[in-house]
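Here the structure comes first, spelled out in structure tokens, and everything after it is commentary.
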Amino acid sequence: MLWYTGKRLLQMIPVFFGATFLIYFMVFSLPGDPISALYGERPPSPAVIAQIRAEYNLDKPFVVQYLLYIGNFFQGNLGTTYSGRSVSEVMASAFPITARLAMLALAFEAGFGILVGLIAGLRKGKLFDASALVVSLLLISVPTFVVGFVLQFVFGVQLGWARTTVSGAAPWDQLILPALVLASVSFAYIVRLTRASVSDNLNADFVRTATAKGISRPRVVTVHVLRNSLVPVITFLGVDIGSLMVGAIVTEGIFNINGVGGTVFKAIRLGEGPTVVSFIAVMVVIFVLANLLVDLLYAALDPRIRYAK
Amino acid sequence: MPSKNHGAQPHFVAAFEDTPLVAIDRLDETEKARSTWADAWDAMRRRPTFWISSGLIVLILAVALFPALFSSVSPTQCQLSNSNGLPQSGHPLGFTFQGCDVYSRIIFGTGASVTVGLLAAVIVTLFGLIVGALAGYYGKWLDAVVSRVGDIFFAVPTVLGAIVLLSVLPDRTPVVIALVISMFAWPQVARIMRGAVLTARNSDYVVASVALGVSKFKILLRHVVPNAIAPVIVIATVSLGTFIVAEATLSFLGIGLGPGTMSWGRDIGEAQTSIRTSPQVLLYPSIALSLTVLAFLMLGDVLRDALDPQARARR
Amino acid sequence: MLALALASTGALALSGCASGGATSGDGSAIITTNGSEPQMSLIPTNTTEVGGGKIITSIFAGLVSYSASGEIQDEVAQSIESDDATNWTVTLNDGWTFTNDEPVTASSFVDAWNYGALVTNAQGSSGFFDNIVGYTDVANTKDDPTGATDDSGAVLQIPDPLAQTMSGLTVVDDTTFTVELAGSEADWPLRLGYAAYSPLPAVAFEDMDAFGQNPIGNGPYELAGADAWQHDVQIDLVTNPDYAGVRTPANDGLTIIFFASFEAAYAALQGGDLDVLDAIPESALANYESDFPDTFVNEPAAVFQAFNMPYYLEHWSGEEGKLRRAAISMAIDRAEITDVVFQGTRTPATDFASPVIDGYSDSLKGSEVLEFNPEEAQAKWAEADAISPYTGTFDIAYNADGPHQVWVDAVVNSVKNTLGIAAVGKPYPTFAASLDDRKASTLTGATRAGWQADYPSLYNFLAPLYQTGAGSNYEGYSSAEFDTLLKEGAAASSVEDATAKYVEAQEVLLQDLPTIPLWYQNTSGVWSETVSNVEFGWDSVPLYFEITRN
């Protein structure tokens, strides 16, 4: 196990270089000159633009830009934004907020999703199952910006139960509503996944064996059915961490949360290579760790899964 | 114990605490073995849900291919004076914000939306399934490479990838949009498949097949994939819907379908601004999208049940 | 340990603010308003966008400031005088200080302007000093010695200033300086309320980067301590007790909260977490009057919106192009679009500037081309088709990172319905991407254009956009007649004469239609019932200093 974990951690190195290279190249390939665009319809003189381009190394060929970035990266300098702020400072303010939001969303989608999926799977074809299907369909078909807007309007404006927008410090309680919105689409996935696995496993021989042995129904459901149904759900959750963090652009926008998604999105639009790459580099590490955790959980959930060497 | 009159091998999934090394009873090797897939088809066609969902899908495809048969009103004749107008004769669902006929826009938008959703779902599923199955089954360096390449692709923010790719690609047809979406969505399916294969490859029947000397690849195809595919089918059917919505987001950001192309996603996005005053404009394309997702979800459910021998036997 | 202690004190102070009563005078009448994270650090000559501009005008006071209607009123200036509209003498009031107690002197202005103009300082607003004698020297450049080229193939220009300061600026004494302009300009003082003309304290020049993070000004407000600017979150301003000008705050401070979208800001206002919002998002256009029945504003402002027709496209040059542009213009039902799409928060255009600008007219010669007239539009289009038949699709390019899709779709539908041609909106993902095609002259059709005035002058709406070779004249319009009229206007000895020339120049534009005017964006905003005296300036920004908390 230790060996396996160590090997996986080592794999982070090529992934880090691969991802940063790819993403730096993509930002480099974005159409348009980011510096000219900063000034909107009123361009300053070409010499002014040329100087700023040089300041951000934008005048150099791609490979040089990338190497300069990587070189600085390992000296702890992640570059600066066009507003003169160091990228590490931006990260330090955005990541904790996003981490809180993503954790809450993950808890909501896992908690509610597995519960609803479990009941739907146990009562396949019944009213609860049908209602869960309708809700899932609704959440799939209605884009996040609509779900977010409606929840914000109903709970924030009309009922006044929650703040309509999140304050700068973004404490946990203010993030509940945004986390629900963020969790909405993945909720549908988890309900359907859990329901499918549960209904499959209900028919499995080991469940019938367990029932025949006289084990109580709740124990059969939780220990035998649910535990064996969780592998795909856990996998999905592991993959979803990424979308919850970087992909929360719309939710962050609606609730004015100063998080990773919005910052990366803004940096993409501005063509700020160092910002985008630094954020994504951290995200890559989070991915690799999340996936490693998921793989280790497999072994815990299903003793037949063993990792060689 | 499920028993069948034909010679399929019953599949056991044993609980972890009482895993006996079960041998396979009554394996009649003289009888011609029927594939899991053929069994699945037999089971499937006996279920009404299969025919309902297939009927709906055929209808949706017909609308997508021949929209003019279903609507005689032009979806591009828009009068601002009809903005968010209520239904009237000849316009059963009323008008959009720009004053276009809602019904005919839904009909004519079907093609692009279904192409994006279905094509992306198919590509993502097939590709993810193949690499996920190989990675989970063979493990070792193959797993490492596939998983880590997946991590890299998954790390690219879709918006960034889409802006770059779509500003290089000349025509933003539904096919191109589907390809771009697929490019950044496949690692999800690959990981799900890999996880399921990890479980399935250690099952008793696989161990038994190995003991019987069946070739490794054959086992993967015959036993592992059919038993691991259930979660992938779920993901594929749900994704179909989310991809159609993703197109809306891309269009909203100016990197979606080319100018003038109609789609449900785009109509849903445009109806957003008048959600407080005229929610019905948003409702109709959402219903079309829901029905499509529903049809594929039901079909997926039937297919999944059909591929699961225990569930099949129960019916 | 020290940092930790400081941080917790800050948090306490903040929560104290939030829970404190809303009575004025005890430091708790802080007004909150919407803004956006400044794109650059807060240096007046490098702030070119609204987010930073709002802050700069609040913490700095220039020679003059603008009243609500756009009239200039003296701040630090006692007088700005000239006999020939070329040589100006500026006299300052005594007693002004920066918030670090440094006196505001003639050098504070001259040094700041020289800093802004010098090419090696790479300031975004350097162009605002281009009419001062000596600007060409400090802004001088030369070809890159390595011969490096930019994307379009032109040799890169590197800075090569021939002087460090502009010879046209002379400090006479502590309260007097003179300005020599390169040409006469009767309405020159009108410019001086713009943020780029703010004075800077001596400490700024020691470390401009540090200054930009924590600027020291002389305006009605100052930053509330070293941590006042919480990046991406908000900036806290408090009143400056030493401020001696005409914008004395009636409140205790101003907190500008940064929002990623107006939608979010609107929701914050609805939820009671914001006092004043200076815009109305698309999704609230139909509701804002009922959401805030007594606390909204909607009146014409100095923002002009249009779309440009590049001349380099087939069918769009010469006589044929002229006919087609007129036809397109008359095919657009501006009244209906402003009414339905914008719910009356835009006003159909009748000229190339704005109703709040001196010289505005709704009856320019040839302005009937801006009225919806389907028959005439079809007739002109047919006339053009007789010269060379039109094929293909008419498109209007826009950047999808701005709120343009809805109106572009409405305009192309109007054109389509009237002229019976294929027409679509063509989105670019970012402004940068659209700018690329505009600069490279590779558009396939029209492109959206908009202009918000820097200072309330007709000239500012015309020269930068349509003069031959002007900086923002991306589509390359060039008319000798127009250029001459502008030059004559600039050289006129009185503001009235100048304006008359500019009006004439607009009539040339109406003939050529290098841009097709659509509408003026209104000042539209809403505020909560907990504040009063909300008045918006000519530039659509609220006069924050007047606002009081109830």
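Think of it as A, B and C in the order they're written, each chain with its own count starting at 1.
The rule is simple: a residue touches a chain if its C-beta (ideal position, glycine included) is under 8 Å from a C-beta of that chain, and two chains touch if they have at least 3 such contacts.
Note that the structure is a prediction, hence the values are computed from the model and not measured.
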Selected interface, B-C versus A-B, where C-beta contact pairs are more numerous: A-B
Longest centre-to-centre distance from chain A, chain (CA-based): C
Central chain (distance from its CA mean to the mean of all protein CA atoms): A
Separation of chain A from chain C, taking each centre as the mean of its C-alpha atoms, in whole Å: 38
Centre-to-centre distance between chain B and chain A (centres being mean Cα positions), rounded to whole Å: 21
Length of the line joining the C-alpha centres of chain B and chain C, rounded to whole Å: 49
Two or more partner chains touched - positions in chain A: 30-31, 149, 153
Contacts with 2+ other chains: residues of chain C: 283, 401, 428-430, 433
Multi-chain contact sites of chain B, meaning residues that touch two or more partners: 163, 167, 272, 275-276
Of all residues in chain B, those that touch chain A in their complex: 1, 12-16, 18-19, 139-140, 144, 147-149, 151-152, 154-161, 163-164, 167-168, 187-188, 191-192, 194-196, 198-199, 202-203, 230-231, 233-235, 237-238, 241-242, 245, 248-249, 265, 268-269, 272, 275-276, 282, 286-287, 289-290, 293-294, 297, 301, 304, 308, 310-311, 313-314
Partner chain C, residues of chain A touching it in the complex: 30-34, 36-48, 50-52, 55, 59, 82-85, 89-90, 93-94, 149, 152-153, 156-157, 160, 163-165, 167-168, 252-256, 258, 262-263, 266, 269, 271
Residues of chain B defined as touching chain C within the complex: 76-81, 83, 97-99, 163, 166-167, 252-255, 259-260, 270, 272-277
Chain C residues touching chain A - in the complex, by the definition given at the top: 37-41, 48-49, 119-120, 122-127, 139, 141, 148, 150-151, 156-159, 209, 212-213, 230-234, 257, 259-261, 263-265, 267-268, 270-271, 273, 283, 401, 428-436, 439, 449-451, 454, 464, 471-472
For the chain C and chain B complex, residues of the former touching the latter: 282-287, 333, 336-337, 340-341, 393, 395, 399-401, 405-406, 409-410, 413-414, 416-417, 422, 424-430, 433
